[in-house]
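Two complexes are shown next, each including subunit A; its partner changes from subunit B in the first to subunit C in the second.
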Partner chain A sequence: MIRVPGLNRLPPEATRVAMRLAALLVLGVLLSALSSAFLSTVNLMNVLRQAALLFFMSSGLTLVVLTAGLDLSIGATIALGACVAGTVIKNADSAWLGAATALGIGGAVGLLNGMMVSLLRIPAFIATYGMLWVLQGLAYTYMAGNTVYGFPSGFRQLGNGYLLHVPTPVIVMAALLAIGTVFAQRTVWGQQIVMIGANPVAARLSGVPVKRRLILVYVLSGLAAGFAALVYLARLNSAEADIGSSLTLPAIAAVLIGGASLFGGVGTLAGTFIGALILTLVLNGMNLLHVDGNWQPLVTGVIIVAAVWLDLQGQRTRS
Partner chain B sequence: MTRVSTMALALVLGAFAAHSAVADGEKIAVLTKNQTNPFFQAERVGAAKAAESMHASVLQYVPTQADSISEQLSQIDDVITKKADAIVIAPVDYKAIVPGIQKINAAKIPAVNVTDRSSGGDFVSFIGADDYTIAKKTAAALLKAIGGKGEVIVLEGVRGTATAQDRLRGFKEALAEFPDVRLVASQPANYQRLQAMQVMENLLQANPNVAGVLAANDTMAIGAMDALSEAGSKALITGINGSKEAIDAIKSGKMLASGDYNGFVQGCVGAMIALRYLRHEEVPKQVTQPTVVITKDNLAPYDVPLDGRQCPSWDQVPKS
Partner chain C sequence: MTALPLPTRMRAPGLMVAMVVMLVGFAVASRDFAMPGNVLNIIMQSSVLLLVALPMTFVILTEGLDLSVGAVVSLCSVALAQVALATGSLVMTSAAGVLVGALAGVVNGGLIAYLRIPPFVATLGTLGAAQSLALVLTGGQSVTGLPSNVLFIYGGSILGVPVPILIIVAAYAIMHSLLYYTPFGSFVFALGGNREALTLAGVSWRRMLMAVYVLGGAWAGAAALVLASRLSAGHPTAAIGMEFDAIAAVALGGTSFERGDGWLLGTLLGVAAIGILRNGLNLMAVSSSVQVCCIGILVILAFTLEAFRAPEL
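Our next item is the complex of A and B:
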């Protein structure tokens, strides 16, 4: 077991998460003032369930970003995972086999990404961008323009079900958030991951197994994408080859709004969770207020930049 | 390691390279927009079937990245190099394709335009269905079915694309004919299922009494359908494309109708016209597909897998 020096010199993560929470609340108050439909249990549950899918994708990505890496293959992993797992669930009539397929594909993609980044030293952006194309191509070839749909209701509980009036994905999200936070902040492995991004030279010199930890974060990101593919299938009851392209950028946006730095070493899963909620709330609000479609991308873009800018201002003031 | 990955890459890319069907006679290059939309899959199968029955062969070209105009332009270069006898093309971008079409014209390869009309270049013929009319007729079917009154929501396609604009215009035109119907929201869901479901979930909070939903494609209609049924809404819903999934949903009563474009027939007719032209037979300058709104009452001919479908005979093709 290695003690990681330098960790207590990191900025106080708790303060930054609290700042984001405040931003989220301001947005919530604003929306409830503008739309009477906003502040209802059903609407808030909808928002949480929509945010859950985004959070599953961004959770593993947060760990990758902590190491100053990036995973652009998430959306394509979901597309391939959902298409193949969907076919398996239908043809083999086994949700478990389908789940193993999606997680297997995610894990394998992550392993390849991790090996390219750590062993071949290919920049993460390039390695995972190349992977995106390969996976997308495989998904297109595999589906040949078809759609796989209609899954057993037992499996669909993962996306559609409720436990004590709370949507299943929301409960899973809460569990993942708790486990992930403990992993990233309270375990030696988690601290080593943060350190690789904060100071790679110091990490190597102090004996952190950099390559193995890098492979680990990409595998976790792949597994998270594989799991997101399952939730997608269960929720949408179908999959086609082109579902991934619109998923990757919002996942990255959630991580960045959540306060993680692309330069590594900074970021929390709680922050990413709030980032996912902010993005989802913005879309929810625009729908409730019937904002014209031409303005929606613009509003989203401004909010992403503003969130990160406010964060930087906050850091400068504190330091 | 490097060699293995290069080989793997070559395999993956090889899967997308033009694959030809061997037959006697002419070689027709068929250029479609993407691998993902079932519409273009139907168009490819239709073209291949027509060519086969006329003893010719097709070379299929599909961009690896969906709707990539740069890829489609370089595929045109490839078609010219390979000296295909004729080309049947569904342009990814009706404006940006024009320089490519001019190259084809310069190489004296006859070109047939299908699906989206190119804004320039010389074509033997254009075969298409018009988005505006399809959207208008589909919307009219929904508005009649809800009794000509109540609240309606529109789910739009990708803003700025010709199809999305024309379909939205068609919807609005139909709405104008039903003064007691109120359009309470028109929001984009970008032809995507997940977005349609989430947008619908959101809109149902502000507009719980919606009576009908007009989706600009089937994928969005089905995404919205799930959100509606979960919220216990009885709203009727229509899509556009006549996809297999939509046919199933119409059959089981979950969806009211789908406007049909019939990619299969467009592919058939495109290849037939190209071959007839090469064989110096008479061809029409334009073929407009009759617009059909598929409902429970007329879905039988659509409830057949692609491989089992038959191209229309030349006499059945409308020549205008």
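Our next item is the complex of A and C:
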């Protein structure tokens, strides 16, 4: 653990976020030194847009991880949500109906996940993994190998547009980050969620409705995935059944790089946001420096392990 | 409940019910299902998964997890295919697969036992690394044109018995003896159930944990040999996602993710259940996308039955 005067007096969570901001800053300086294209407005906006999509997926996952759970079905939820919603937008010619479809699918998936985890007490890893397969199968059956593409420009604003010169998804991301942070840290429900992860027995004994709160976090994770599906559609203008498989791992990576612990009770949305930014910046930097894209999984893996290792070092030094 | 090395009570009732339902259902629905040739098919097709799921049981017994195994099998398969093309020797080819797998195991074990990184995170990292290496090693292409001695591993037979069957019988015998009849097996149970007891007994839990992951890696290399032989090629993404099949098989078989409580024979049954489901749905001409759905539902249903027995939180 690096000792910075003053920093160690902050609460551990704030220290974690501060360390990550420092890492982000170093990364930014490094990349701007290595590549002249990095600091261009176009590139930075691109990075932010990409980070926003990643954050939408990992924001709900952060809440799930706070309860010591896991949601492996995010990618498949996005795949099914994007395919069905995309078809609805095309056929019914209504972006609102499409949005309702994606959020409805996400919410329903989350409800089922939450019920399996809380009522049937199936381990979250297994329940959401079984769900992943069910959703993936449904998406394949629904699309039958086809691609849905070409959406109205009004809808595509959600992914590609600007509000006051700032990309729309970035504004939505900022709003979600603010609301989510207040929810997790300043409301009774949020604190109950943290408590379930930190000590489930204590939570139950002090009257926290553990089962209902667990269902809530999985529903929120499903809704976040449903929303991510919409942004994905609007940004990439097409969807097919197998888009989800490459999305789950980065979402988990962002949460872990952001400092949340898989054992529950530790993690912040701000951390996850920075985690998403770090991951996106690294991958963007590799692109700018023309590094073979095949190295991306390795680099992602190394960053995940390094981030978790540094957190553990910090914990062990403190205790 | 302390770890019981041998089943003294009904384990994995969910799996048993699911198996009976599937066997009866498929036998009624398809005339070909219960034929000897088809049963042989199921066993052959399940061989790669079994080679991965057996050591995964050891890993899960230590309260660990190995998410990297699919990527490691893929990496081993391209590495051994390249060695096979270069040397043409089956011994060198097998050694290459096992060696690369064991090296991945050393990385996993090092991260988990010595740097104390949670297994989920450590093996997620190795997954990425192995995937990248497999892709970079081959430029994303299959390595084809394997010599006939490598193809013999899946396609050949010795004294009328197909080689994969000999391999899985040997693999189960080795892993069963290792787990139930050696001190190492007891250490594996203790790693999950009571790590402190190991220390008190003067056994380095770190070294034992390292051994479990290296063993897993080495078996992944063996699985890669069978897979490459079956596909007649090494492919950098051939086994992606296999870790989930393996974990599902172990979990279906009644091995707990906590407390070092588990059953190796259950894993065998779990692998069989997944194989039977795939095969039966294939015979009924169910599309592969619906099959994917059904496997998810099988996993959830088996666990739902299991959950009614588990003590209240």
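The working rule: the second predicted complex is superposed on the first by the 303 of 319 C-alpha atoms of A that agree within 3 Å, B and C clash if a C-alpha of one lies under 4 Å from a C-alpha of the other, contacts with A are read in each partner's own complex, and residues count from 1 in each chain.
What we mean here is this: contacts are C-beta pairs under 8 Å (C-beta built on N, C-alpha and C of every residue); 3 or more make two chains touch, one makes a residue touch a chain.
Keep in mind that this is a model prediction, so the values were computed, not measured.
In the superposition on chain A, A:68 makes contact with neither subunit B nor subunit C.
Judged by the touch definition given at the top, the superposed model places A:240 against subunit B, while subunit C stays out of reach. Residue contacts after overlaying the shared chain place A:300 against subunit C, while subunit B stays out of touching range. Residue contacts after overlaying the shared chain place A:127 against subunit C, while subunit B stays out of touching range.
With both structures placed on the common chain, the touch criterion links A:21 to neither subunit B nor subunit C. In the superposition on chain A, A:312 contacts subunit C only, with no contact to subunit B. In the superposition on chain A, A:108 contacts neither subunit B nor subunit C. Using the contact criterion defined above for the overlaid structures, shared-chain residue A:166 touches neither subunit B nor subunit C, since it reaches no partner.
Looking at the shared chain after the overlay, A:100 reaches neither subunit B nor subunit C.
Subunit A uses residues 120, 133-134, 136-138, 140-141, 241, 294, 296 to touch subunit B in one structure and subunit C in the other. Within the complex formed with subunit A, the residues of subunit B that make contact are 1, 8-9, 12-13, 15-16, 34-38, 40-41, 64-66, 156, 159, 184-188, 190, 192-195, 197-199, 201-203, 205-206, 219, 222-223, 226, 230-231, 243-245, 248. Of all residues in subunit A, those touching subunit B in their complex are 35, 37-38, 40, 42-43, 46, 50, 53, 120, 133-134, 136-138, 140-141, 143-147, 149-150, 160, 232, 235-238, 240-243, 245-247, 283-284, 287-288, 290, 293-294, 296. Interface of subunit C with subunit A (complex): residues 111, 115-118, 120-122, 124-129, 131-133, 135-136, 139-140, 244, 247-248, 251, 257, 287-297, 299-300, 303-304, 306-307, 310, 313.
Subunit A makes touch with subunit C in their complex at residues 116, 120-123, 125-127, 129-141, 200-201, 204, 210, 241, 249, 252-253, 256, 262-263, 292, 294-302, 304-305, 308-309, 312.
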